[in-house]
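Okay, so subunit A shows up in both of these, paired with subunit B first and subunit C after.
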Partner chain A sequence: MDTVSFNRQSWMRLLALSSWSDLKECAGYLALVTCEIIRPPETGLVMLRGRIGGTGSAFNMGEATVTRCAVRSAKSHEGHAYIMGRNHEHAKIAAICDAVMQDDNCSARIESLVLLPLQKILVERRKVAAQKAAATKVDFFTLVRGEND
Partner chain B sequence: MTDAAFATPAHDSARSFRPILDAMANPGKIYSFKPAVQAPAGLGPEAAAVALVLCDFQSPIWLERSLRMAEILQYIRFHTGAPITNSKPEAMFAFIDATRAVPSLTDFPMGTQEYPDRSVTLVIKAERLTANPDVTFKGPGIQSTRGFSAPHLSPAFWSSMIASRTGFPLGMDVIFVGSHQVAALPRSTQISIDGAV
Partner chain C sequence: MYVAVKGGEKAIDAAHRLLSEGRRGDPSVPEITTEQISEQLALAVDRVMNEGSLYDRGLASLAVKQARGDLTEAIFLVRAARTTLARFGYTEPANTSAMLIRRRVSAAFKDIPGGQILGPTFDYTHRLLDAGFDRTSPSLVPETPSSEIPKVLAMLGQEGLIEQPQASGTAPGDVTQEPASFPMPRDQRLQTLARGDEGFLLSLAYSTQRGFGRTHPFAGEIRLGEVEIEFTPVELGFPVVIGEVTLTECEMINQFIGSADVPPQFTRGYGLGFGHCERKVMSMALVDRSLRADELGEERVAPAQDEEFVISHCDNVQATGFVEHLKLPHYVDFQSELILLRKLRAEANVMQEAAE
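Coming up: the complex of A and B.
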């Protein structure tokens, strides 16, 4: 059995951050896995709290739309997912993926078929975004004006 | 192992809420209550549906000892998000299985003069509710009088319910659930044991 380099937190994060089109492409077939739905996908709001600087007290920044889902696989692993937005399919597939990743017999395969490609895509997209942002960077500097001479 | 709750939460919870609402409006009248819900064995679908429909993170739940099973605790925490408390004075809802044991009602909150709503709602699970006049109800929502009976509820229980009426508008409300049944006893209803109201 191959070892899995993801831990649960990191794969849940990856599944939540991936875009729906990428997830559908890499893991769409997971929707066919037989699972009992413990909590059908439901959309709600969570309050985002923020802090300005390291000393300010926390304040309510605003609400974010979040969809969550919980499933139980045939082998009794519970899979949970919380994702931003209202895509119920996304939450369900992420939850199923979380459940099958807890199964040691499947995790290595799911990792190579789903998680690693998703991670590659995510890193690539971040890089492109960073490059685009970097192209607009402005360096501020002051020319010596010679006032002291 | 957490059981699933409502399959379609929006519709199923609305369908479950309606009989509870009707029961509260017509004290002692027994309504058919068949919630489409999976529930842990000890709790039963009717009591589970009441918890799912009425409880949330702001309503601490107290459970009678026989209901404090890991499955039930997990089910309530997962599906309602309500905190489970062991302290009666903190409880907003108290779930009681009358077929096992009925606890003393003295420590449950009855509300305060400023906030009479900060009181407990008892959810009492019985085998079968009937209109046999073990006790007779009278008050708002009842044309003249209405008989009510639930097995396992002792005269001592009814005496303490009558005693809780003295501080109106403070008091406690009760929801009875039987097999496929629901009935309610709001604090505004007067109770008499011997039939004479």
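Coming up: the complex of A and C.
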């Protein structure tokens, strides 16, 4: 049995942060995995919170759509997904992936076929955005004024 | 006498068909898609998400299209859509210190760790109309990003020069669940301002700068970027990241105060919004600060310091509902006014004739 470097929170995070097109590309075939649907994909709302002054008391800033789904795998692992947006397929694939990742016989394979490629795409996407922002960083230079010397 | 009036169904139906025709415009011009609106009219979509108080680019884009670009109408559509969905719960507070920065500027300090990152800004453009604005410009030369981009106001805080936000452990109030009452705690005020009309808040913010309630502001830090959102589902019992949102944050540094117990220090105003919305969050921060008048022992003399006035009138869905309802039939109300007026005039005539 191979060990995996992801824990449950970190793979759920990655499945939520990946775009639907990337998830479909890397994990679309998981839709074929036999799973019992405990809760079919359902879209609702969460209230997002911020903090006063960035670090103070919490306040409610506005809602966002979120879609949740829960499945049970053949080996009785419960898979859950809460994904911002309204994409039912995304939530279902993420829930199935969550279930099969809890199966020690499958997790290493899913990690290398699904999670590591998604991780690479996410890191690259963020790197490109950060590099573009850095290109707009101001380089100050000081004009030396003559002091009648 | 009350006369029930029915009818107009046919006219209403025809009016809505005419609306559809107008919405589509000249059929020889290609129809716009919601994806195009989301990508190319992104700031209109951001405004609808903010004031519609719902983070969903797809729904906001659809609303902009359906409302023919009337953003107040689009905001109304989004608010209505929101009411059809169940609430799963409240997220963990967004950590803006961990934002993936696309823009970050400070007008208070030139040299800040991480630097002044201008990002995608209209600032410093010449504001000259140019039909060729979309011609492809040479692509950006990527640079190495700074490893750390700390909060500017935290640096002032380390020296004790500015008030530090205190985190209370209590759950914040939610103005979508409880009716407003005054005085209103700051968390609920901020929630109301976050969904408030940008134009109204901008004008109030401007009024404070012109002397109607002084706040003496400096833009301590404005940042734009993506923040991961965590939510704790009951069935899991631990927080999971459910996605990322684009946020704009404004931290204003304001007029200092002091007392016998506390040495003088700067005060702060805070603004936070969905998407890229600098004008909105700057206005929000200025109005947030001016509404703290009572808390900071300042005399309330200006509209922007009047909590009930600001909070009760900043919602454009409420405002447009009440103003625009005037165009709906008021035939019976008006008849009663008319009858009263005729009666008064007849009485006045009788009195005049009697006097003569």
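Couple of notes before you dig in:
Just so it is clear, the second predicted complex is superposed on the first by the 135 of 149 C-alpha atoms of A that agree within 3 Å, B and C clash if a C-alpha of one lies under 4 Å from a C-alpha of the other, contacts with A are read in each partner's own complex, and residues count from 1 in each chain.
Here is the rule we use: a residue touches a chain if its C-beta (ideal position, glycine included) is under 8 Å from a C-beta of that chain, and two chains touch if they have at least 3 such contacts.
Quick caveat, the model's predicted, so the values are computed rather than measured.
The superposed arrangement places subunit B and subunit C next to each other on subunit A without a clash. After superposition on chain A, the vertex angle at the CA centre of subunit A, spanning the CA centres of subunit B and subunit C, is 80 degrees to the nearest 10. Set side by side, subunit B and subunit C differ in how many residues of subunit A they touch, and the one touching more is C. In the superposition on chain A, A:I37 makes contact with subunit B only, while subunit C stays out of contact range.
Contacts of A:K137 after superposition on the shared chain: subunit C is touched, whereas subunit B is not. By the touch criterion defined above, A:M61 reaches subunit C but does not reach subunit B.
Residue contacts after overlaying the shared chain place A:R51 against subunit C, while subunit B stays out of touching range. With both structures placed on the common chain, the touch criterion links A:S76 to subunit B but leaves subunit C unconnected. Of all C-alpha pairs spanning subunit B and subunit C in the superposed arrangement, the closest lie 6 Å apart. Common to the subunit B-facing and subunit C-facing surfaces of subunit A are residues 42, 70. If you check the complex, the residues on subunit C that touch subunit A are 49-50, 53-56, 58-59, 82, 85-94, 96-97, 100-103, 110-111, 115-119, 140-146, 151, 153-154, 164-168, 170-176, 186-188, 190-191, 194-195, 225-226, 228-229, 231, 233, 235-236, 238-245, 247, 249, 251, 268, 270, 272-274. The touching residues of subunit A, counted against subunit B in their complex, run 36-40, 42, 70, 72, 76, 78. Of all residues in subunit B, those touching subunit A in their complex are 1-5, 7-9, 78-79. Interface residues of subunit A facing subunit C in the complex, by the touch rule stated above, are 9, 12-13, 16-17, 42-66, 68, 70, 80, 82-86, 126, 128-138, 140.
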